[in-house]
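Everything below concerns the one structure shown next.
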Amino acid sequence: MYELGVVYRNIRRADSDLAGGLGAFGTATVHEAIGRMGLMKPYMRPIYARAQAWGTAVTVLLHPGDNWMLHVVAEQIRHGDIVVAAVTADCNDGYFGDLLATSFKARGAQGLIIDAGVRDVRVLTEMKFPVWSKAISAKGTVKATLGSVNIPVVCGGALVTPGDIIVADDDGVVVVPAASAQKAFEIAAAREANEGEKRAKLAAGVLGLDMYNMREPLQKAGLKYID
Amino acid sequence: MYELGVVYRNIRRADSDLAGGLGAFGTATVHEAIGRMGLMKPYMRPIYARAQAWGTAVTVLLHPGDNWMLHVVAEQIRHGDIVVAAVTADCNDGYFGDLLATSFKARGAQGLIIDAGVRDVRVLTEMKFPVWSKAISAKGTVKATLGSVNIPVVCGGALVTPGDIIVADDDGVVVVPAASAQKAFEIAAAREANEGEKRAKLAAGVLGLDMYNMREPLQKAGLKYID
Amino acid sequence: MYELGVVYRNIRRADSDLAGGLGAFGTATVHEAIGRMGLMKPYMRPIYARAQAWGTAVTVLLHPGDNWMLHVVAEQIRHGDIVVAAVTADCNDGYFGDLLATSFKARGAQGLIIDAGVRDVRVLTEMKFPVWSKAISAKGTVKATLGSVNIPVVCGGALVTPGDIIVADDDGVVVVPAASAQKAFEIAAAREANEGEKRAKLAAGVLGLDMYNMREPLQKAGLKYID
Amino acid sequence: MYELGVVYRNIRRADSDLAGGLGAFGTATVHEAIGRMGLMKPYMRPIYARAQAWGTAVTVLLHPGDNWMLHVVAEQIRHGDIVVAAVTADCNDGYFGDLLATSFKARGAQGLIIDAGVRDVRVLTEMKFPVWSKAISAKGTVKATLGSVNIPVVCGGALVTPGDIIVADDDGVVVVPAASAQKAFEIAAAREANEGEKRAKLAAGVLGLDMYNMREPLQKAGLKYID
Amino acid sequence: MYELGVVYRNIRRADSDLAGGLGAFGTATVHEAIGRMGLMKPYMRPIYARAQAWGTAVTVLLHPGDNWMLHVVAEQIRHGDIVVAAVTADCNDGYFGDLLATSFKARGAQGLIIDAGVRDVRVLTEMKFPVWSKAISAKGTVKATLGSVNIPVVCGGALVTPGDIIVADDDGVVVVPAASAQKAFEIAAAREANEGEKRAKLAAGVLGLDMYNMREPLQKAGLKYID
Amino acid sequence: MYELGVVYRNIRRADSDLAGGLGAFGTATVHEAIGRMGLMKPYMRPIYARAQAWGTAVTVLLHPGDNWMLHVVAEQIRHGDIVVAAVTADCNDGYFGDLLATSFKARGAQGLIIDAGVRDVRVLTEMKFPVWSKAISAKGTVKATLGSVNIPVVCGGALVTPGDIIVADDDGVVVVPAASAQKAFEIAAAREANEGEKRAKLAAGVLGLDMYNMREPLQKAGLKYID
């Protein structure tokens, strides 16, 4: 994992249709479908409400206060990618702003996930370029030290391998390993299939206690009702 | 306080008209009216801007990573209640989403106050089901361990007894003990009575220094002006 | 710095045209123009999205849980000022609400920067009175202890001298010393001059690697591409 | 709970022998014995390593930056008590130092649990007066606003009723309601009874998997071993 | 990475002599030797001062509030291993205490690195069983949900692959991939070789400015001295 | 304040006898003597228990992840100085270790106050070189960007002007402006004069309520005793 100064140009991306399919389900459903794992920590927040994005991960490893490699990763973006940026130590500096967003968007990026800060959030919001970050900060960065592009990175506490599928929305950011994507899609689809029916029942006043047959296990576990 | 596996079905709720009356004043005024107490910690934030809710507290105690009891509490909700959910240890998992919100709403809940995380915030926002929480997270939970319903709980650092009045808005969440509600309403009403007049004076450029007769006490305290 | 119980009435304000000029550039550009310094910590956040303000600093030093001096500072506000409020120890209480905002606005204040909490954010938002704060809290304060007005203060980790220029927006709050304002304006203007051209190139797909001539220095630093 | 300006002189203390008995078991065992509840949040830390204390709670409610009521509570201390101090809002100021510790000790206090800051920790350590606090800070406080003594308070996220038993050590602080103390003691004693035997087995290399008969439930849950 | 309910029994451990050699250098030197990477976040702290440990990683993935898998991992420990425990979401509960420590020690474990809480720290300290953790808490856990053993995990923000070398001391915890261990040792040894000489010069008053020949690059960078 | 790339060689240091005199009183007393101001935030902690230091401030401004200027400041240290290091943005990296400590000590430094991280804490502890820092971290830094030496800096939330007196101990770090040092000493001395007598009275069981004549003001404020 500790390769510095390296750019992998050819990575194996997960299927883009699967990315779209998973993205439509949203993070909560996808996270359930892959066994309640792969979720970044909840400090990773979208810079505007109702942001949504999905795509295949292009990764970049940065140093504290240094955004040089964001220019390097731009060249590796293909349409449908999401850039995932990690830093070697905690840093809230504003690594990314409207110029880089213009470049990323032109290259086909669907968004940015960065375990650090961003700036120009007003313009990014107007551009509808979604970013999930740890902080918002006007603090600028230098361009002095090499990191790497398309190596596995830890971002927001989750391991991201280049080519993995990323799904991000108001609820957070989830990482689906490329090899699990097909199965995750099937599980998520099955899970969603009867959600409408469940919702209708609950809206009609049916209790989850009854719909999910919880009364018996609750009683067995010892639950007591007191009037 | 340490009863586990117990559901109290009959609680004495504060008067619902008082809940409505206090709710109309908002948290800042109510908090002043009850002696600057009963406020939850400021980490309890609404999931969308301009959220507002008030009602009588139905409480539930949960375990870390386990939302089983949210299904149990649903049955105890009456129209005009607000569910207040505490956890036995710090946890940011997403205990509550759109299906539970559909159920809570159908039962007449006015909102949820939870000292943990929630998910599906986009749908909750569209549903206009207000939630004040410590975190937003797609992380799912299990259903394995009993907690309790309608026992006194500590939520967001404040003690909540079932039946207390809860007032929540953009400024936070305040708890009014049922026994203090009538008096709190009277104090709040008196406090609000001349706010319009004060606001008009201040808008006209009158200084609080003069309107509140602060110049003399400030001088006595030793304040010096230097030109 | 440790003067207590003192109000300086005559401070030397930076040029208001410069404040307006810098404000139009926004915090990120201004922060770059003054050498990547003078930025408050990123925990200072606007209470509503797209807030923007600039002006000359009128400062006030407060004690934990005591907002008495906010009434004193109101009298010292002139049109075009921004009030900068520091506290002698960490405190999230709600020092400032809609009545004080009405007064500040009537005096000509452009906004408030406070290293503590505020309340009545719904009304402040409707009034379009912008505030950058550390917290939102309904918690009220007392009026018991003297602080000072128009002494140098540390707010959000940045030193603010009365009369300095403050620029604040979604990206944070930056302080420009009065003596550096003219030069900062010139640097910022130069920096902005060719941003449109750069943005057009990047939007057309030109890479920053090429536009900024980074390929050679990256190669010299040892960057390796692997296919 | 919201009584201000009140001192309850006669509280019903839990049995002091039970306090001693529970104290000898330590917080982890006591916490288990009362159903994994009643624990203060882990930010409550002892000011020196190997601190240990137990006793009956005398409570005090303070305001931010104001330690006046600590002098009032001193008079209510009886030999064997532990003072539990809560604050109406988050505050890290140094409310308590060596003079108050001298006074508390002379009155028979076994220690202090304070949801705020303390100072003079070098002297407190030399005096062997144990304190569990949220912070250490030299910041002094004023004496201006009334709180209350011996009302129920929320400290470190736990409800403390006057007379409850407090057990505190390196692992944290646990609150045992007076009414649960006898039963808690019995459960804790039973729990400890065979700990020595267990420890000997584990030290000899026996696995918990075997000692606790976990292999079958693990297999049923689906655990797979891969060579 | 998302395998649940799986125990890998045969992992390829890095050379134990290399672990010992790297351990003797300490985390700061090893972290430099592997390119300033692989360091866990600084919130991972030893439970007692001067703790030191090194060994080969045996990993375990846990769920919030559930320590069942710690009993499973115990069986996989070989002499010279360090257990590295990750959790699927943030949790400060006390997963590990003196009984498990007795068992781990009997199996040959050199210590525990856990991205959660521990308890019984007084006894662990007396046993000299070193633990690096995120928190200390008496809060107990349940045994209900399967995790995995010896899969790659993210702990303290760092990726740990089973068999990697772990070096931990007062300065934190560093992970050395098994494949990099030999080279890391050589670089660290070279780095340490002339530290004694440097230390002697500095102790004699020679400046780093001169010893490292920094004056010229500083001047070139534009440093100005003002008398 | 925003001078970069500048080293002021001649600063006016406060009187060293006053530094020694104030240091002997400790931070809590000094902080009171200067009006409860000038205290750094409580996150600034000593790296070992019972650390104590005082001296005249030599300041240095650093960039995130870059410790180059620590070598520059070393040359400006005179016997009796304390180095105060600020960073332009939040950073926990380990800027300072045993080699720099050896150099600082040889130059006569009494300690280091750094708003960032340090490493080699075991050796620093053995050397008895006291450091107050925000973090402990093995993370190394680069030497690439100029900061400044002996300009006013904000460290731990407090303004430090070169030559100010610094007093640091277990309770934190306090800054005494050079111009206030003589008066601060006199106030502190007067304050300490009768502490022994007070302590003796309190140890004999006299209450602060009586010793400080608080009963009447408490009664006037409305305090009620309930039996």
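Think of it as A, B, C, D, E and F in the order they're written, each chain with its own count starting at 1.
Going forward, a contact is a pair of C-beta atoms (placed from the backbone, for glycine too) under 8 Å apart; a residue touches a chain by one contact, two chains touch by 3 or more.
No experiment lies behind these values; they were computed from the predicted model shown.
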Neighbouring chains shared between subunit C and subunit E, ordered by label: A, B, D, F
Same-site or different-site touching of subunit C by its copy subunit F, using the half cut: same
Whole-Å separation of chain centres (CA-atom averages), subunit A against subunit F: 42
Whole-Å gap separating subunit D and subunit E, where each centre is the average of the chain's CA atoms: 31
Approximate Å spacing (C-alpha centroids) for the pair subunit A, subunit D: 41
Touching two or more other chains - residue numbers and ranges from subunit D: 36, 39, 42, 88-90, 92, 137, 139, 145
Pairs of chains, among all present, that meet the touch criterion: A-B, A-C, A-E, A-F, B-C, B-D, B-E, C-D, C-F, D-E, D-F, E-F
For the subunit D and subunit C complex, residues of the former touching the latter: 63-66, 88-93, 137, 139, 142, 144-145
Of subunit C, residues touching subunit A in the complex: 26-28, 31-32, 36, 39, 42, 45, 49-50, 169-172, 174, 195, 198-199, 202-205, 207-209, 212, 214, 218, 221-227
Residues of subunit A defined as touching subunit E within the complex: 1-2, 4, 34-39, 41-42, 88-90, 152, 154, 157-159, 177, 180
Complex interface listing, subunit D residues touching subunit F: 5-10, 48, 68, 71-72, 74-75, 92, 94, 97-100, 102-103, 105-107, 117, 119-122, 125, 135-140, 143, 145-146
